[in-house]
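The same chain A turns up in both complexes below, where it pairs with chain B and then with chain C.
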Partner chain A sequence: MSRVTPAIQVENLKYAYGRADAVHDLNLTVQPGRCYGLFGRNGAGKTTTMKCLLNLLRPRSGMVRVFGLDPSKQEVAVKQRLAYVPDQVAFYPWMSIRETLDYLASFRTNWNRRIEADLIERFRLDPSVRADSLSKGQRTQLALIAAICPETDLLILDEPTSGLDPIVRREFIETVIGAYQDGNPGNRTILVSTHLISEFEGLIDEFTIVDHGRNVLTLDADLARESYKKIRVRFADTPPEVDLREALQVRREGRELEVIANGGSAELQHRLQETRPESLTVESLTLEEIFVATVKSREAQ
Partner chain B sequence: MGLHINFKSGKPVYLQIVDQIKSLSASGALRAGEALPSIRPLAEELRLNRNTVAKAYTELESLGVIETLPGKGCFLKASQSPLRKEVRRNLLIEEIDQAIVAAHHLQVSDREFFDIIQERMNALESKRKEFA
Partner chain C sequence: MTAVSARTLKEARAVLYPWAGVILLCAFPLLGRIHGYQAVAIISVPDDLTAILFRLGVFGGIPLLACLAYGNELRYRTLDLLLSQPVNRLKIWREKGIVTVVAVLTSLLIATLASRSHFPLSLQMNADVLLFLIVVSCSASFWTLVGKSTLGGFVLNIGAMVLLISMKTTLLAVNSKSGYIRPSIAIAAMWVVALVYSGFMLWLGRWMLVRRQSNGDVMGPDVMGAIPGLLPVRIASLFRCRPNQRILNLIRKEVQLLRPLWLFMTLYVIGWSALAVSSLIVPDVEDKQRAIYVGLVGVRATYTIIALMMAASVAYSEERVYGVQLWHLVLPISIRTQWLIRVVSAMTAAVLCTIAVPTMLMALARVVLHPEFMNRVESLRMLDAISVLIFSLCAFWCATVARDMIRTSGLMFVAGGMLFVTFQVSVWLTEQLIPGIAQIRWLVISRFQLNPGTSGNPLGWFPDPSRYLGWLLIAFFAVMILHTYTLFRRLPQESVLKLLRPLVPYLALIALLASSFTVQGWKKGWGETWELFNDTETAIVELPPDRPYKVEDLAGVASLPDRTRQWLRDASMILAVSDFRPTGMQKTLFGEWRNEGTLTIRFQSGMACKATFLFSPDKSPKVMGSSWTCN
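Now for the complex of A and B:
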């Protein structure tokens, strides 16, 4: 592992807007070929981190590397190797779709015209239409085409599907899987920040939860779902006193008890079983539920 | 192909694909020689990481469930496991042990457990007849 240069490496990143700390000692390592999720509430520092990778912001301190390169010193080399879809997509309003794509292609050493034609058709876009008359969904589609055609090793997506309708969101994700990932299997890296975690759940290999500019949790997605459990117990009467020390979260409602645990859930389950409940079910948490439970249990502290 | 991924099962996603294709094969819904969707369209349809689907197919291939014919795609093989009988038995025992533990936690009695096995075997048998 250590011989492979990470696609993204962030160490002790600090950034502040004026006096307000936006990112505080953030660490992040994304291995090539992985799809990495960056989860956090609004203002958690996700966009700031991404902008530091793109040299749109200069870190106060810490280290940022993209394929081993320093974005602030080797900006052109870094930008050749990545594509970015920001949360707010903007184009020159007077340019048509055709002109916009030609203009963006002129900055790239590689531009796949076949993929461009396929995606224009798939999204049912009219190349002669001006950028200022595109809907939000169409602007995102145009940004996605512009991000995929250069066939870069790294794709950075910042809240790419928020505010889009379900059909456009579905097509967006399918395009990332098909047109982008499948273009060079095993070597295409994705960093995605999103609120709509459930939509990207199947794509994400690994994730980091960021809260108030710090990383709170980094886990492999399959391992996370394996270890975070929700145990739901119903008793014949009022729930008895049970030692719930492993629980991250406990919810009581009448005769029911709902416990969320990470690891130690087997012991917890065993102890609950001993109290002879009417029913007991166990299910894993989805990534979104893990995110909510993690952030909420921090806020409760 | 009607695969369904359940993120609340706690089972790694690629294994869910492996197990579902195995059971489609066991029920006869997929027959020997039939083509499986290729990786890209299946990944797009299920909105799964392309590499997860590829990993499932690699696993199915090493288990001898499917075979890849270059330039043609993936096909279901006749159900002849390349593993020795003893190994196959042990693999099954692991699965049964897990089910027994689950039954205990779910307060399913031994009698009920046997009944469920019988019932599921009957259900699979009637599915097989349906596809035959």
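Now for the complex of A and C:
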């Protein structure tokens, strides 16, 4: 049985800016065809990790592979298979949208003109407008078009939706990203770093939470939703003392008790039921809630 | 600390390093005088380097300083943040103005002191320079806000000045020929016009700041971006990127990035041509012709240096301002190709702007204008192609490290200074160390009773760099250009230490070369080890020959230094003496001395040394060195 080469493989990655550790022993494996989320607070090391994948930064130690290739040795081969949208998008000011896309297309072996025309129309961009007249959101739209049109095997998106208005943002996530992956199902991979986790909720297959450059949690999105539960309990009087050691987070507000648990929620639920509450509800956490709960519980420790 | 002083300090901090650099340039003639030009002589720079650096400081540095107050805000995109603070914009304008005035005036003061002692100019020329600086300083804020960058402001400001000076020179020349107005009145009128213009530009700058609107995220139209619009459609279309021409697209991009340089070159062509044409109108009076002659040469020298710096650094500077460097490195084209195109573009632009265009201009002027005058201008030594390439290469290296024209200029001088200091320190240190090395060697020989004659110069293996100087320089520049490849992919650095770090290998190389030169040139000291034999010979001739002696016996008749006692410890010595009768040439050489001593020393280690030497019967000092063999 042949093993599938991961789209991205990062092992024990370390990078430091001077003495400040940006990434510390980070491990990451992204299988082809997946949409992988990289979540973390500001300065957690997400952009640094992406820059190491793109050979913009040379890791201090550890291994980085993109489709089994070493970006520092087979740089062009790696870059031919990926497209990148940076967190701060910029273009040459003298070029029009048309010229910018032609310029970027000249470096690619494949450029889908149909998708380009479709996206220009969808984003309501005027191809004759110069880049220096574009707003931040429009520049991001242009960068997204430039990243989608080459139809590469890997799309690396660093805060791709910042600056986009909610309508374009939703359209981009639901339609454009969906269409990109559907273009070659099972083979097109996305690595996305974002703070707007809820917007990518439906797309993310797997995610890693990074904190202070360290890998805190890596989970399949569906498994995470199954495992992380929020139990809301309402009592007639002040909430009684209950053993909630397994809980990730406990919040008491008046007669209400909110418990977030990772696994073992059935046991907790059972214990809380025994206290005869007025009401008890259990619901799955969203990815954003899982992220917040994980980072906060880590900080509390 | 009050809010005002905090803000003023922040403004001062922003111009501190460039100001220090300009002060250094303006004070260069004074420094040279203090050291009697030794500093310049050692590194074999051209004789007129002092004058060029001084002019660069006055005509390049001071106008640049004046642009920095707003240029820095635009560069770091902090102007909108500053204007959003609850401070009256006029206050901000005043604070920036005060810092600029102080920076410009102190530089001017130093320049005046240097000029008085080294480049004494006529009152008229001094006044012209002063007027130039007043106008340039007053116009700087306006042009910087229009140009939206320090570089843009600088080029536009200098450009406007070149046009004004050309007009002024032509008008004064026409007047002096036709005699409409008395020259003194014409000059006074020109001063009034210039001062009114300065006041107007100052007010325009203030107005621009007060009325400035934030474009938010929109970058806004770039003044330089208007250039393609001015070109005929067919030419402009040549520079338009096409989907299937990736290498050509990269070249087109480089050409576009160099737009400030092209604009600067155009302004030079216009200004220089106007000056040259005015030489036709000016009456054939020696001092007036000389003024134009000095002007033509000065404009070209200043232009050459600035254009070279721009050719090397503008592309980096512009990419940094636009923020496009990062994603460009992610494009699927090798970094090597991108780097190669950048190097070739920079070098080609440097040669084109500083050699090809001025030469063509000169040739044209010689045909159109009077050839004799042009021959005089051309006879001045200008930078040749090799110098241009070397300077461009150094500037390109600095630009690759600094990614910004102002920083590049600063780094050029800092790096030059550090290399020079390293050279001097290395020479000094080596001179201090060599006797120490000789001393250590000598101690080892004494302690272990070794043969002092096994090697003469212990550092003799050091290659003589002067024999390979040409190759060394070629290798040095080859390493430098290859180094720019590794630096090319580096993201811009802000810290001064990180900017200087890439210089370390070059400092080490210079230190090695300097030490090597010094070692080769050092003749003194290696002979000292022969003193061991000399001491032994001098002592043993005092004792009766043909008897074995120990070191204690020798010490009894002569004062033996410690090193010789150490070397001879437990050794047995015997001296055999025979007559030596000099004849012919030998008589001339050795005179009346006729004793030949054969000294044999047997050491505990088993080594035996035999020496043959001549000495006089009265045991006075020998006339020749002895010959020694040890086994």
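FYI, the second predicted complex is superposed on the first by the 295 of 301 C-alpha atoms of A that agree within 3 Å, B and C clash if a C-alpha of one lies under 4 Å from a C-alpha of the other, contacts with A are read in each partner's own complex, and residues count from 1 in each chain.
Here, a contact is a pair of C-beta atoms (placed from the backbone, for glycine too) under 8 Å apart; a residue touches a chain by one contact, two chains touch by 3 or more.
Everything numeric here is computed off the predicted structure, so don't read it as measured data.
**Student:** So, does A:181 touch the first partner chain B, the second partner chain C, both, or neither?
**Tutor:** Only chain B is touched by A:181; chain C is not.
**Student:** Mind working out whether A:213 is in touch with chain B, chain C, both or neither, as first, second, both or neither?
**Tutor:** A:213: touches no partner chain.
**Student:** For A:59, select first, second, both or neither according to whether it touches chain B, chain C, the two together, or no partner.
**Tutor:** A:59 contacts neither chain B nor chain C.
**Student:** Classify the contacts of A:40 with the two partner chains as first (chain B alone), second (chain C alone), both, or neither.
**Tutor:** The answer is neither, since A:40 touches no partner chain.
**Student:** Give one of first, second, both or neither to describe whether A:173 is in contact with chain B, with chain C, with both, or with none.
**Tutor:** Only chain B; A:173 stays clear of chain C.
**Student:** Examine A:202 and indicate which partner it touches, taking first as chain B and second as chain C; both and neither are also allowed.
**Tutor:** In the superposed model, A:202 contacts chain B only, not chain C.
**Student:** Where on chain A do the contacts from chain B and from chain C line up?
**Tutor:** Chain A residues touching both partners: none found.
**Student:** Of all residues in chain B, which touch chain A in the complex?
**Tutor:** 5, 7-13, 39-41, 43-44, 46-52, 54, 105-107
**Student:** If we count contacts the way the header does, which residues on chain A are in touch with chain C in the complex?
**Tutor:** Chain A reaches chain C through residues 54, 56-57, 75-76, 79-80, 84, 86, 88-95, 99, 102-108, 111, 130-137, 139, 143, 163.
**Student:** So in the complex, the part of chain C that touches chain A is made up of which residues?
**Tutor:** Listed in rising order, the residues of chain C that touch chain A are 216-222, 224-225, 228, 240-246, 249, 253, 256, 259, 322-324, 326-327, 329-335, 489, 491.
**Student:** Tell me, which parts of chain A touch chain B in their complex?
**Tutor:** Contact set of chain A toward chain B: 33, 35, 170, 173-174, 177-178, 181-182, 185-186, 199, 201-205, 222, 225-226, 229, 269, 273, 279-287.
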